[in-house]
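I have a structure here, written as C-alpha cells, and I will follow up with some questions on it.
Order of writing sets the labels: A, B and C. Residues in every chain begin at 1.
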Amino acid sequence: MRRFDPLAALRPLIAAATLAVATASLAHAADPVEIRFAFWGSAFEKKDVEKAIAAFNAAHPDIRVVGQHIPNQGYVEKITTQLAAGDPPDVAYLDQNQAFPWAAEGKILDLKPYLGDNPEKTFLKSTVYRAGDTLIGTGLATGVILAYYNKDLFDAAGVPYPPAKASEAWSWDQFVAYAKKLTKDRNGKTADQEGFDPNAIDTYGVSFPTWWGGYLPFVYSNGGKFASDDGKQLLLDQPEAVEALQKLQDLIYVHHVAPTPTQSHNLPTADILLQSKKVAIGIDGMWKVTDFANLRFNWGVGVLPKLKEPITVVVSVPKVIFAATKHPKEAFEFYSYISDPTKVDLFKEGLWAPHEKEYFTDPAKISAWIDGQPGVYPPESRDAIVDYELNHTPYQPPVYWLKNINRITDEAVTPAIDQIWNGTKSAKDATAEAVKNATPLLQGRW
Amino acid sequence: MSARLPLKQWPASLWLAFVLAVLFALGMILPLAWLVRSSLMELGQIFIFPPQWIPDPFAWSNYPDALTTIPFLHYLWNTLVILVPTVIGTVLTTTMAAFGFSRLEWPGRDAVFNILLATLMLPFVTTLIPTFLWWSKMGLTNTPWPLVVPHWFGADVFFIFLLRQFFRTIPRELDDAAILDGANPLQVLWHVIVPLSKPALITVAILSGLASWNDFLDPLIYLQDSSQFTLALGLSEFTGLYTSQWHLLMAAATVVVVPVLVLFFLAQRYFVESITLSGIKG
Amino acid sequence: MLSAEAIEIAAAAPRPVAPARHLPRHRGQLAWAALFVGPAVFGFLFFKLVPILASFVIALTNWTVANTPSFVGSANFERLLADRLFWKSLGVTAYYAAFSVPASMAFALLLAMLLNQKLPGQRLFRTIFYLPSVMPVIVTSVLWLWMFNPDLGLLNALLADIGLPKAHWIYSEGGAIPSLVFMSIWHVGPMMIIFLAGLQGVPRTLYEAVEIDGGGALARFRHVTLPMLTPTILFNLVISTIGALQTFTQSYVMTDGGPNNASLFMVFYIYRTAFKDTNMGYASALAWVLFVIIAAISFLLLKTSNRWVYYEGGNR
C-alpha cells in the first residue's frame, strides 16, 4: 500500500521557501533600529500619539518606534515592573515621583550631550528637569493654571469678564466682590445681599482644585514660597503663604463663594461645573481647553486674580530616555519629535502647550498651535495662555526640584491642606503642623 | 421549586420579604440605571444637578462611538481567551483540592491547608514585582500565560476554602455508602459530592469568571501591548490623566456589564434546581 | 448556635442504611491525596513560594527598584514601629473592618434569606442584588464619587429633601470611614450568593420537622437555618475579614487616603510606599507586618470556630 508521505510532498515547497527567506534577508541589509516608547492617555490622546508615531516611522526609515500605550491607572506599576526586570522602554512619559529618584540612581539617560549644557535658553525654565548632575530633559507638554468662566452667568450678573491680560488681573478684593455677585442661592439672592442663604447655594462664584495647582499660584502671587531655594525648609508657615491660604479658605467659609473642594481629577471637573452652571469661574489647567471646546456653551479664559503679582505655575510631566537604551541617538530623535507642536495634533487640539520658548514668542509658531484648529483656543488665548505662560511663571513648582517631595506632600502638606479646605483648621495652624511634619522629611534639592 | 403560592395565600412574612426585597432592589438598581442613562447622554449632561434621568437628546451615537474608539470585539476576544481556560481550570483544580482537604484523611492535611490559606493574607503589593520577575525568568511575561496557568494549579485558595466548607456539610454516610459499593475517591467525588454541590460549583464558576472579566492589574502587568488588552483594560482607555470621555465610558461599560447580567440571570436555574438523592436534599 | 434541638432534628432526618461500626477507609489515602491536592500544592510551591520568600527578603533591604539593594537587617521593621502613619493606617483599617464586616455580612444574609423565599421574580431580584458587584470598579467609583459630592451629589440632595443639613461624606475626616462602610454594604453580591448556595443546601426535611413541632419562621431560623449555615457564615466571616483588612481600591480610586489620612488604609499606604516612593524594602516590611496581623486574626477565628460551627459531614 502506498502511503502518502507529507514530507516528500512538502520538500520542494520547503526548499523554495528557504530560498525566498534567504534572499529576502539579504536584501534587508540594515534592519531599522527599534525604539520602544511608553505613554499613557485616554483613547483620543492615544490616537493622536499613534498617528505621530506612524508619521515619524514613515519619515525615518532607519528607525522604528513601537508605541506601548499603558492606561494611566496602572502606569507606574507597569513601568516599575519593567525596570525591575531590566527591560524598561527606551523613551517614556515618567511621573516626577519616579523620574528624579531613578535619575539619581543612574537609570535615566543624561541628556546633556543632546540638549547641551543650557537648555534653559531654548525651553521654558519651569520645564527643564535635572537631578544632581543628570539632565533628565524636558516635559512632554505644558499647561498653565488659569481661570475658565461661563460667559452667560457673567452677563446675567452684570459682571465684567475676567481679564485675559495679566497686567489687568483683578485684585483679590475685586475678585471676591465679583464672585459674590456671581454666587446665587436657590431663592435668587446673591452672596452680597441680605438674606443670602449659604446652605442653599445654587451657583458658586468660583471653584479651584485641591492639589497644588489650586493654591500654589496664589502663594507665589502673594510673595510666598513653598520651600526655600536650598530645599531645606518648608515655607508654607510664613506670613505670605499663610495669608494666601487663609484667603482661599475664606472663599469657602467666610464669603461662601466657593464649594467644598473635592478630589481634583475625578469629578466634577471645571468644564462640567461650568457648563451645568454650578460655578461661574473654574480654576484649572490649560489642558482642559480640549474638553471645553467639545461642550456647547459660551466660555472664555482669563488670568487668575492676583494677590500682589499676577503669577501662575506651569505644570508638566517629564519624558525620559532610560539609560538602558541601546540606541540613544535614535531615542533622542524621537524624544524631540514627540513634543513638536507641528508634528503632534494634541497641541492644536487644546490638550498640550509647547515648552520651547519660540512657540511663545514667534508669531508664526504661536499660530501653529493656537490657530491650528479653529474653534479650539478662544480668541483671548494669546494673552491668557501664551503671554501668561511665557512671562508670568517665574517659579518652577517644587515637585520638579525638591527632594522627597512625594513624602513631604503626602505626609505633611496634603493632610494640612485637607484641613484648610475642610475648614477644620485655620491656615496658620494647619501650615504650622505641616512644617512640623515636613521637617524630618526635607532633604534639600536635586 | 414547587409552585408559588397565589397572592391571597401569602403569609405576612412573605409580604414583608417582598416589600423589603423591592425596596432594596430599588437601591441596588440605581448603579445600573445611572449607568444606562449616562450612556445615552452627551458628556455635558451626565453630571448636571439636579440629575436628569431622561437623556435629552438621546445620544445613541455614544454606543457606536465607544465601540469603535477601542477595538471592542478584539478586546472581547482577548478577554474570553483568558477567561474560559481560567474558569475551567479553577473549577477543576479547586474542586479536587477541596475534596482532598475535606474528604480524605492524610497526615498534615490541615497544616497544608492553613499554609495555602495564608497566601490570601499577604497584600498583593509586596509580591507583585517578585512574581513578575519570577515569570520573566521563565520568559513568559508579555504573554497571557501568567494569567491562566496558575488557575490550573489551584491558585484560588478562596475557592478551595469555599468548596471545602460546602463539602463538610455533606453527610459522610453518603460517601460511605458509595465506598461500600466499591467506589474510589474519584468516583465518590463525581457521583456523590458534585451532584450535591451544584450551587457551590456554579458559585465558583460565576465568581471566578467575574474576577477574570474585571481583572485589571495583572493583565496590565503581563500583557505586552494594547493589542492584547482585555475589556477591563479597554475601559480604562476612556480616562486620561486630566480628561475623560465619560459618556463613551458609560456606553462601553454598559456593553461590558449587560451580557454578564444576562448570563448571571440564566445561571440562576442551577441555584434553584433541587437535587434529589436518597431523599436527603430537596 | 449549636443547639441541642438542632442536633436532634438533624439526627432524626432519614438516612440511608449505615452500619454502626466504622467503615474501613481506603488504603493509600496519601496517594489519592497527592492526586487531589497535588496541583494546588505544586502551584503553591512553584508559583507562589519563591515570590513570597523574595518579598520577605526584600523587606530586609533598602531596595528602591532603581538602586542596588543592600541588607539593612531589621531597620525597616524598627522604622515602622516609630512611623506615625503606620499606626494611623492600622487604626483606620481596623476601624473600617470592625464595622464593615458585620454590617455587610448581616445585610448579605438578610438579602439571601429574602431571596430564598418563594417570591415572584426571584431570579430578577437576585440579579439586581448582585448587580453592583458586577459593574467595573471604574464605573462604581465614579458613581459613588458623584453620589457623595457635597454640593452636587444625590445623597445630599436626598438629605436636603428631608430637611437635613449637608453631609461631607468621604470628604470629611469624620465621615470618610462611615461613608465607605455604607458603600461596602452595596457590594455584598458575592457574599449574598455564597449564603444563597449555603441556604440551598439546607435539607427541607429539617424545616418540616420544625413546622410539625409548631415552630414559626423565627424558630425555623434559629433552630435550622442558622446552625446549618454556620459553615458558610464562618467562610464569609474569615474571607471578609481578610478582605476588609486589605481594603485598597476605595482609597486608590476615590480618596487618596484623605482627607488628612482619614482613609489611609494599610494596603494603600503600602502601595504608595512601594510605587509612588518606590521604597520596596519598607513597603514589604509593612506588608509582612500586616500579614502577621491578618493571619493571627484569621487563625484565631478558625481555631475558635469549632465551638459554634456545625458540619453535617462531621468535624473531621
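Brief remarks follow.
Just so we're on the same page, a contact is a pair of C-beta atoms (placed from the backbone, for glycine too) under 8 Å apart; a residue touches a chain by one contact, two chains touch by 3 or more.
Note that the structure is a prediction, hence the values are computed from the model and not measured.
For the interfaces B-C and A-C, the C-beta contact count is higher for B-C. Of all chains, the one whose mean C-alpha position sits at the greatest distance from that of chain B is A. Look at where the CA atoms of chain A average out and do the same for chain B: the two points lie 38 Å apart. Chain B and chain C have CA centres that are 15 Å apart. Chain geometry summary: the mean Cα position of chain A and that of chain C are 39 Å apart.
The set of chain C residues touching two or more other chains comprises 65, 138, 142, 146, 151-152, 275. Counting only residues that touch two or more partner chains, chain B has 47, 49, 128-129, 133, 216, 236, 239, 246.
Counting partner chains per residue, chain A shows two or more touched chains at residues 73, 77, 80, 84, 267-268, 278. On the side of chain A, the complex with chain B involves touching residues 40-46, 66-74, 77-78, 80-81, 84-85, 87, 265, 267-269, 271-272, 275-276, 278, 285, 287-288, 290-291, 294-297, 317, 351.
The residues of chain C lying in touch with chain A in their complex are 64-67, 85, 138, 142, 145-146, 149-152, 165-166, 168, 171-173, 254-261, 272, 275-278. Listing the residues of chain C that touch chain B in their complex gives 13-18, 23, 25-26, 29-30, 32-33, 35-37, 39-44, 46-48, 50-52, 54-55, 58-59, 65, 110-111, 113-115, 117-120, 122-140, 142-143, 146, 151-154, 157, 186, 190, 193-194, 196-198, 200-201, 203-205, 217, 228, 231-232, 234-235, 238-239, 242, 246, 248, 266-267, 270-271, 274-275, 280, 283-284, 287-288, 290-291, 294-295, 298-299, 302, 311-314, 316. Chain B contributes residues 1-2, 4-5, 13-14, 17-18, 20-21, 24-25, 27-29, 31-32, 34-35, 47, 49-51, 93-94, 96-97, 99-102, 104-107, 109, 112, 114-131, 133-134, 149-150, 152-155, 157-158, 160-162, 165-174, 176-177, 179-180, 184-186, 196, 199-200, 202-203, 206-207, 210, 214, 216, 232, 235-236, 239, 246, 249-250, 253, 256-257, 260-261, 264-265, 268, 271-272, 278-282 to its touches with chain C in the complex. Across the interface of their complex, chain C is touched by residues 73, 76-77, 80, 83-84, 97-98, 101-102, 104-107, 199, 201, 204, 259-260, 262-263, 266-268, 278, 406-407, 410-411, 414-416, 418-419, 421-422, 424 of chain A.
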